[in-house]
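The following blocks contain the structures, represented as structure tokens.
Each of the two complexes below includes chain A, the first together with chain B, the second together with chain C.
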Partner chain A sequence: MSTAITAARHELLASVRAKAPYALVAAFLGMVAASTFIGWRTTVTVTAIYERVLADGYTTQPNPFTDVSPLYYVRNTVIYVLLIGTLMAATLGVQSALRDRKAETAALIGTRPVDARALRTGRLLGLGILLAALVAVTEVVTWVSVGLLVGGPLDAAETLRIAGFGVLTWLLLVGFAGVGMLSGRLLHRERTALLAPVVVWAVIAFVVPQLGTAARPVSLLNPVPLPAQDSGAFAWLSHALAPIAITERFKTASGALLGSPTTGSAAASALLVALFAAVALTAAILVRGTRTQGVPHE
Partner chain B sequence: MTSTAIALDRVTHRYGTRPALVDLTLDIPEGEIFGLLGHNGAGKTTTVGILTTLLQASAGDAVVAGHDVRTAARDVRASLGYLPENVTFYNDLTTMENLVFFARLSGLRRPEARIGEVLEFVGFTGHDHERVGTFSKGMRQRVGLAQALLHRPAVLFLDEPTSGLDPEGVRALRELILRVNAEHGTTIFMNTHLLSEVTKTCTSIGILRSGRLVHHGTLADTVGAFPTEDALERAYFASATDAPA
Partner chain C sequence: MSETVTLARKELLDLRRDRVVWIVVGTLGLAVVLSVVVASLDFRAQLADYEAYAAQVKASGSGVTPAAPQLFPLQLLRGGMEYVEVLGALFALMIGYGAIAKERSRGTVDLLLTRARSGTSIVMGKLLGLAILWAVIMAAVVVTALASVALIGGSTIGWHEVGRMALAGAAGWVYAVFWSAIAVAVTTLTRNSTAALLTLLVLWLVIVLVIPQIGDTMDPDNQVPGGLFKALAIAKPDEHAVLHHFATYESLRNGLEVSSLSKLYERFTFATLGIKDIYNGQSLAVVWDGTFRYVIGALTLTGAALTFAAASGRRIHTLRRS
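For the complex of A and B:
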């Protein structure tokens, strides 16, 4: 246990010194700001058009944004987490795995009486704490931003939904950090180690869903998942691949939390995201990596 | 009676099909300062790699401080200190932060006081909160020796410890090695190319040639066999190379 805690502290310290969290905070706050602005601008524009159309007597329907959750403003954050956050988390994982090799300290660690799995567990714990802090800051900023837009603090239910979205985001990011760490441990070259998680991400985020929803591929870049095909090969593929289309599951569960229209079970989707994180972290801890001691062959 | 600190019994190691060590058998008693000499590629670093558990021998047995390197690797690691040839640290961290990390991995719970002691021993006080990335090679070697001594190891492995140091650095490190041995009784296993360092530091030597141990004896015996001013140099060339002695 003490090895894991030592490694976790070291991971946090090394990451902070490498200034990685600052870049992540900037990116995440940028995502929240962009998402909130887009959400607010969309609402304002649509409402303005609606009121003109209503005044001209062309509709009697209610404003489409009436009774919509204020969290709808930040629904685009889901896509930013998928497109940017996951890649940044994977990069953090790769950098963590490569740190000893790059600093050439692997031999100093390899001659210490420590369990390698405890060391890796500690590093993931450190990354987990770092990502949790990052997500917490982001969600607080989200809460404040949405509160400012609606002219008052969000109620308890909405606050809980934001917290739930934060937990879900953390699970997805930690999972991708695990994928990055595994890649860094298995692949010798830094460039290859960085590329491999991007390929995994692209397959999960684009290829797998495409096999089930190819008729409307634009849904891949939209926050609201569209229903998969309900007949033929696409339907079968969609059902078969649904559990590993983790980003789609994240969109479904997040959509439910943020008040966007969704299809499928949000609870099952959230569970699959958690399962993905558990599998990725377990693999990152247990799978044996390449030889890292860096002892020259003399 | 002195017991054995390091023992190798018919240790062989291959990289692919190329043999790096062949049937290496060697006993080093406790308290010795042993110098392993040999040309580049002779197998010196491979020997240290096996003894420090960084490499697993293809065949043969090795014991360090009474523990088998294959079956009790953790006990071996708890008993040894290791200073690699080009010791490096986490450059963004300070001396203290680096040493706290390595001390805790060695099992020290509150290592700050011990780190202070060791830094004083190696003559490197006043740099605790400076980042290691700004240090010269000589400064890094001192921090390296400090990290190797933190947990009071019974056996200290030094791989080319004076490589790349200026004459002052070489002398300072030599004095530290002698002090570690004299004050703590630490057995020291040292790889080196520098024959002059061996004569000034070691009590016994071994010479490797293409992975085979071609000479092992006390420094006095080795030098005694070649009673001239450059005795060790002549002994080395007679054993380790095809060059005329």
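For the complex of A and C:
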């Protein structure tokens, strides 16, 4: 246990000292902060468009944005989490795995009577704490920014929903940190170690959902869910691939928490995100990377 | 000049031995094929829905039959082109980074300088090698795309399709050269390879994904599933009339989108291939008229990236191991 705690403390210290991932962290925090404004500005404009349409007599349909929750403004945050947050987490995981190899201390640690699994558990614990702190900052920023836009503090139910979204975000991020750590341990070069989780992410975020919905890859980055495909092959593929389409499951569960329109079961989606995190972390702890102990070369 | 060519040949030899390059070619090819498979299945599903609907209309005794969905072969490539836009940029950055970072990692910069008169020659030699590599990769993508459309989509490929796809491939090459130049410049100027790699990753995220995503998500029509104007039962001409009142918002949104090279590449490619409905079936003159500013923008940005890369060669000493 003490090995894991010591490793966690070291991981936290080393991650904060490493300045290289700061740009990714800054991009993540900056876009989360901006997303509320983007969501608000868009909603205001669309409401004005609806009023214009109504005044010109083009429609008699009700305004689709009447009664939307104030949390609807932050729907873009969901996309920035799965776009920037996941890559940031994977990068932190890769850097954590490569740190000892770069510093040429991996072999030295190997000479000590240290349980390798406890060491890896501790590193993931440290990363988990770091990611929890980052997620907490984003949730506070979200709470404050929505409060400023609606002209008052959010009520308890809305605050709980934001907290729930924070927990879900954290689960997704630690899962990708695990994927990154695994990649950093198994691959020889820093470039491929970083490229592998990005390609895994692209497959999960674009290819798998495309197979189930026939959607354009880039349209999957829109927080508005796509109409479900009910024709034979797509319906079957959609069901078969649903557990792997983790980013889509994250969008579904987050959408339900933030009061946005969703397709599919939110509870099942949240469970799948948690399962993904559990599998990724277990693999990152248990899989050994004995052939890649040396300094990473390009 | 000859030393630049010599360095380009050396770079190509290195790249040929680099497994990442083969993974890149395989992944891009697979993504394009997969997109054509999905688009073909989607079209067949639309056709089946139409036939079922037409049979119902006929059975009800109505004489009015709706128009059948039409297959436009190059429209099957929409997803594939988006993969080139997203993954192609990422792969160009990674390969470009590797071209410079490997010299730092191996400590071979001084050795290279014994053959070249300046750092600029080294950088330009590497860029020439990368440009040739991307010409080969884009040619492979074009061939794969056309073969997929013919074999999977069941469409006839004529000179029209080959010509349009070749233009899209040329646009993809310019796009990849831009990202290669950025990767080479940033890696040359950054002493720490990890910092260079992460800076490139952030640039990719912002330019390829975040900026276009903001523009897309601010599109009024993208606010409800299936489209706002469709949900409100508003016809296309009325939609344009309404949006005319929100010209400033639309200009800002559009300005944001075209500040990203990825969007410039996408707009030109989609217009050339007729993926964008207003350009479908139009002559190249019409396509050029609608997209020449995107072409000029993309070429200007690529020229600037190449200049930046050439200038970074003067700081080649940052590649030396301390």
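Things worth noting here:
One rule holds in what follows: the second predicted complex is superposed on the first by the 261 of 298 C-alpha atoms of A that agree within 3 Å, B and C clash if a C-alpha of one lies under 4 Å from a C-alpha of the other, contacts with A are read in each partner's own complex, and residues count from 1 in each chain.
The working rule: contacts are C-beta pairs under 8 Å (C-beta built on N, C-alpha and C of every residue); 3 or more make two chains touch, one makes a residue touch a chain.
Bear in mind that the values here come from a model prediction, so they are computed numbers and not experimental data.
In the superposition on chain A, contact is made by A:Gln210 with chain C only, not with chain B. Of the two partner chains, chain C is the only one that A:Thr91 touches; chain B does not reach it.
Shared-chain residue A:Leu194: touches chain C; no touch with chain B.
By the touch criterion defined above, A:Ala156 lies against neither chain B nor chain C after alignment on the C-alpha atoms of chain A.
One of chain B and chain C touches more residues of chain A, and that partner is C. On chain A, the surface touched by chain B in one complex and the surface touched by chain C in the other have residues 297-298 in common.
Chain C makes touch with chain A in their complex at residues 20, 27, 31, 34-35, 38-39, 41-42, 45, 48-49, 78-79, 82-83, 85-87, 90, 94, 97-98, 101-102, 104-106, 192-195, 197-199, 201-202, 205-206, 209-210, 212-214, 216-218, 220, 222-226, 228, 231-234, 238, 241-243, 245-246, 249. Across the interface of their complex, chain B is touched by residues 2-3, 6, 10, 13-14, 17-18, 99, 103-105, 107-114, 119, 293, 295-298 of chain A. Across the complex, chain A meets chain C through its residues 19-21, 23-24, 27, 31, 38, 41-43, 45-46, 48-50, 52-53, 56, 58-59, 61, 64-65, 76, 79-80, 83-84, 87, 91, 95, 102, 190-192, 194-195, 198-199, 202, 206-207, 210-211, 214, 216-219, 221-227, 229, 231-234, 261, 263, 297-298. Chain B contributes residues 15, 20, 40-46, 49, 52-55, 74-75, 77-78, 80, 82, 84, 86-93, 97, 101-102, 104-107, 109, 147 to its touches with chain A in the complex.
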